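Two complexes are shown next, each including subunit A; its partner changes from subunit B in the first to subunit C in the second.
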Partner chain A sequence: MMLIGLATTALQAQEKPTMVRVEVDGLSCPFCAYGLEKHFTDLDGVKDVVIDIKKGLLTFQVDDPAKINEALIRKTVKKAGFTPRSVVYEKEEKSDKTKG
Partner chain B sequence: MKGNFRIWLFPLFIVGVAQVQATAQGPPVFTETPIMLGLEGRGIRTFGKFTNTDNGNTYAHIIAFPYNINEKFQVGAVIPLVWKSPVGLDSRGGLGDLTLFLKQQVFKKDGRGKTLRALLKTTLTMPTGNTDQAPPLGTGAWQGGLGLVTGYITTALGLYAETGYRYKTNDLPGQFYYNLAASVPLLPQQYPPHQINLSVDLNGSVNTRNGNHVLLLSPALQWITGRKLLLESGVQVPLRGAPQTNFVLLAGLRVLIF
Partner chain C sequence: MKKKKKVIKPKVRNLAIALFTLCVACSPPSRWQFKKLIRLEGCSPVGIAATSGGLWVSDAASNRLLKISYEGDVLEELKGFQRPMHLSLAGEDSVLVANYLTDEVVLLENGRRSAWPLNRQVNAPAGAAFNKGWLAVADFYNHRILLQKDSMTLSVGGQGHEPGRLYYPTDVDFSEGNLLVADAYNNRVQVFDLSGNFLKIIGENDNIRTATGIATDAKKLIATDFEGNRVLLYSPKGKLLEVLKDSLRNPSDVVIWKKQLFVANYANGSIAVFERS
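Then we have the complex of A and B:
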């Protein structure tokens, strides 16, 4: 019973999506933002893409941070025509992985 | 007529500049943009251009298809359909001179909410417009163009500059051209976008044979209805070098398709 409980807790922790915050330079027009948004919504495993033009911030959720890794995120931002700055993976318990 | 336009346009310009806010804005209407993203690289631009002169009227309907090869290269085609109604002659309409273009981004410096970019634009215009009857629907000449397009675009203001040269065959005079534009948003920022932009352009060209210098003042408004659609309208009034041209009206849209 205890094992089942632990396994369920572990599974729930695993399934909890990770929020990713990406600072993007060059976001200065709304149509550009749409191109960035589309590049990320097209990535399998990325959901809830939100863009804040004023803050130059792209946020989204991923189920598997290993699959949507920092290298892929930076490559996708560049492919969309922008310059990536920091990429932050943010768990709810604040065990962040930050790279500049 | 021309004087009235200028009186009407000046306060519009002042209102627009006075309302600069920290918001993103769209591309200028009569000047090229160095941005090859969004609507500028993944959509269609189409507009109607009505030119009123002392010698008659011309309506050109333009359809432009840009296609991004990658983030640094773009190719595209501009298809003009032209109707001419000259004074004292029958009206004619049909395909005008088709243009193909290649854009190459040569400089990019991004910052938070701002970007400074430059691109080279090469154009090739083919004499596809029929010139057998009057009025001609094209120039009857091949045209090659090379230009430099730059822009400093922030979330509050867009400044654009374009200059280049157009060469024409059939012993037609070449043309140096330059365009300057400023674009500002009039509504608070939100994304998905819903805003109104004001842009004011100066569009100039110099005939290399006789030195005639044409300069047009071109204010315009854009309504960005969402992620995928932009409606735009503008007017051009000659400031010098085009005594027979009264005004040019433009209305059109840009829509994302990819």
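Then we have the complex of A and C:
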């Protein structure tokens, strides 16, 4: 039982984080754009926050999509002064190093 | 041979004085004219401050400050800031940096950086100004100005659209013993006294789309209209004197140094330089 538990933990540790892409309108002003970045940087469980001002796109990584769920993301975007458009979770495929 | 001294007849002299006075009265007032663009490769300037040694420019996108000469040469690059926004002088060669992500106002003095002690927590400081012991901080997400002197602390504004209320303030300055605020998303400039009392609104009828930056000198108040691609110059009483448009692309901040006016063009990575005609 203990071995199964350890194996599960090890597998979880190997899990790649989920990339989240959020489309937001009105990111032209630096105070707004970096304010949005600030709100997500301050969220526990969010990392690698990147703002693409020209594309109006916010991307970041989450380890636990259930914790950083869509409702929380939309609420945080609104708190930063924006209206979110799409919120997309992009789970990266695990690479199989034994192949090839 | 002794030269004979020329004597101007009083009538002629009076006529000359009258003509000169007439010419001065009839000539158009001097205007600011676009002189040149200083291009800053890979830079998105937000804040600008002028010293005798050159211009300090904040590059929020790259988390750095640049010091450039008045001719446009990069003299110094300081990295390690966290989305630095507006800049202002706290003394000769002492620059206040609004470090947006860390909720700090950083004093840059003789190459050393130190966090200016704030009496209250702020959320995303967008600009700061210091004058005669008073520190003002544009507290962007709290929609207020933190105004402090020693242990005395005032919260000026608060979220709203009515006179005296603020909506995402981005810059502050002091003038004639008053506090000026770039009330960015209320599209206006507001004036308060140092007790935090609302005094007046400037620019509310001038179709400002986003008032992000302000600067003052003895004779005028200057505001940048970020979305409107304009810089507006007002008299101290708030009368619109002049509007600058040439070569402005999302102007975020402005400063006057001697006989030149410098505008930080956020969108195209440049500083627009204007001179009196």
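Basically, the second predicted complex is superposed on the first by the 80 of 100 C-alpha atoms of A that agree within 3 Å, B and C clash if a C-alpha of one lies under 4 Å from a C-alpha of the other, contacts with A are read in each partner's own complex, and residues count from 1 in each chain.
Here is the rule we use: a contact is a pair of C-beta atoms (placed from the backbone, for glycine too) under 8 Å apart; a residue touches a chain by one contact, two chains touch by 3 or more.
What you see is a predicted model, and the numbers here were worked out from it, not measured in a lab.
On the superposed subunit A, the two partners subunit B and subunit C do not both fit; they clash. Once the two complexes are laid over each other on the shared chain, residue contacts for A:81 go to subunit B and to subunit C alike. Touch criterion not met for A:90: it reaches neither subunit B nor subunit C.
When the shared chain is aligned, subunit B comes close enough to touch A:26, but subunit C does not.
By the document's definition of touching, of the two partners only subunit C reaches A:41; subunit B does not. In the superposed model, A:63 makes contact with neither subunit B nor subunit C.
Once the two structures are overlaid, the count of subunit A residues touched is higher for B than for its counterpart among subunit B and subunit C. Only one segment of subunit C in 5-13, 23-31 or 113-121 runs into subunit B in the superposed model, and that segment is 23-31.
Note: residues 28-32, 34-35, 37, 53, 81 of subunit A belong to the subunit B contact set and to the subunit C contact set alike, using the contact criterion stated above.
On the side of subunit A, the complex with subunit C involves touching residues 28-32, 34-35, 37-38, 41, 53, 81.
Across the complex, subunit B is touched by residues 23, 25-35, 37, 51-54, 56, 78-83, 85 of subunit A. On subunit B, the positions that touch subunit A within their shared complex are 22-27, 35-42, 70-71, 108, 110-115, 153-155, 158, 189, 191-193, 195, 224, 227-228, 230, 256.
Residue ranges on subunit C touching subunit A, taken from their complex, read 44, 46, 60-61, 83, 85, 100-101, 124, 126, 140-141, 168, 170, 184, 210, 212, 226-227, 250, 252, 266.
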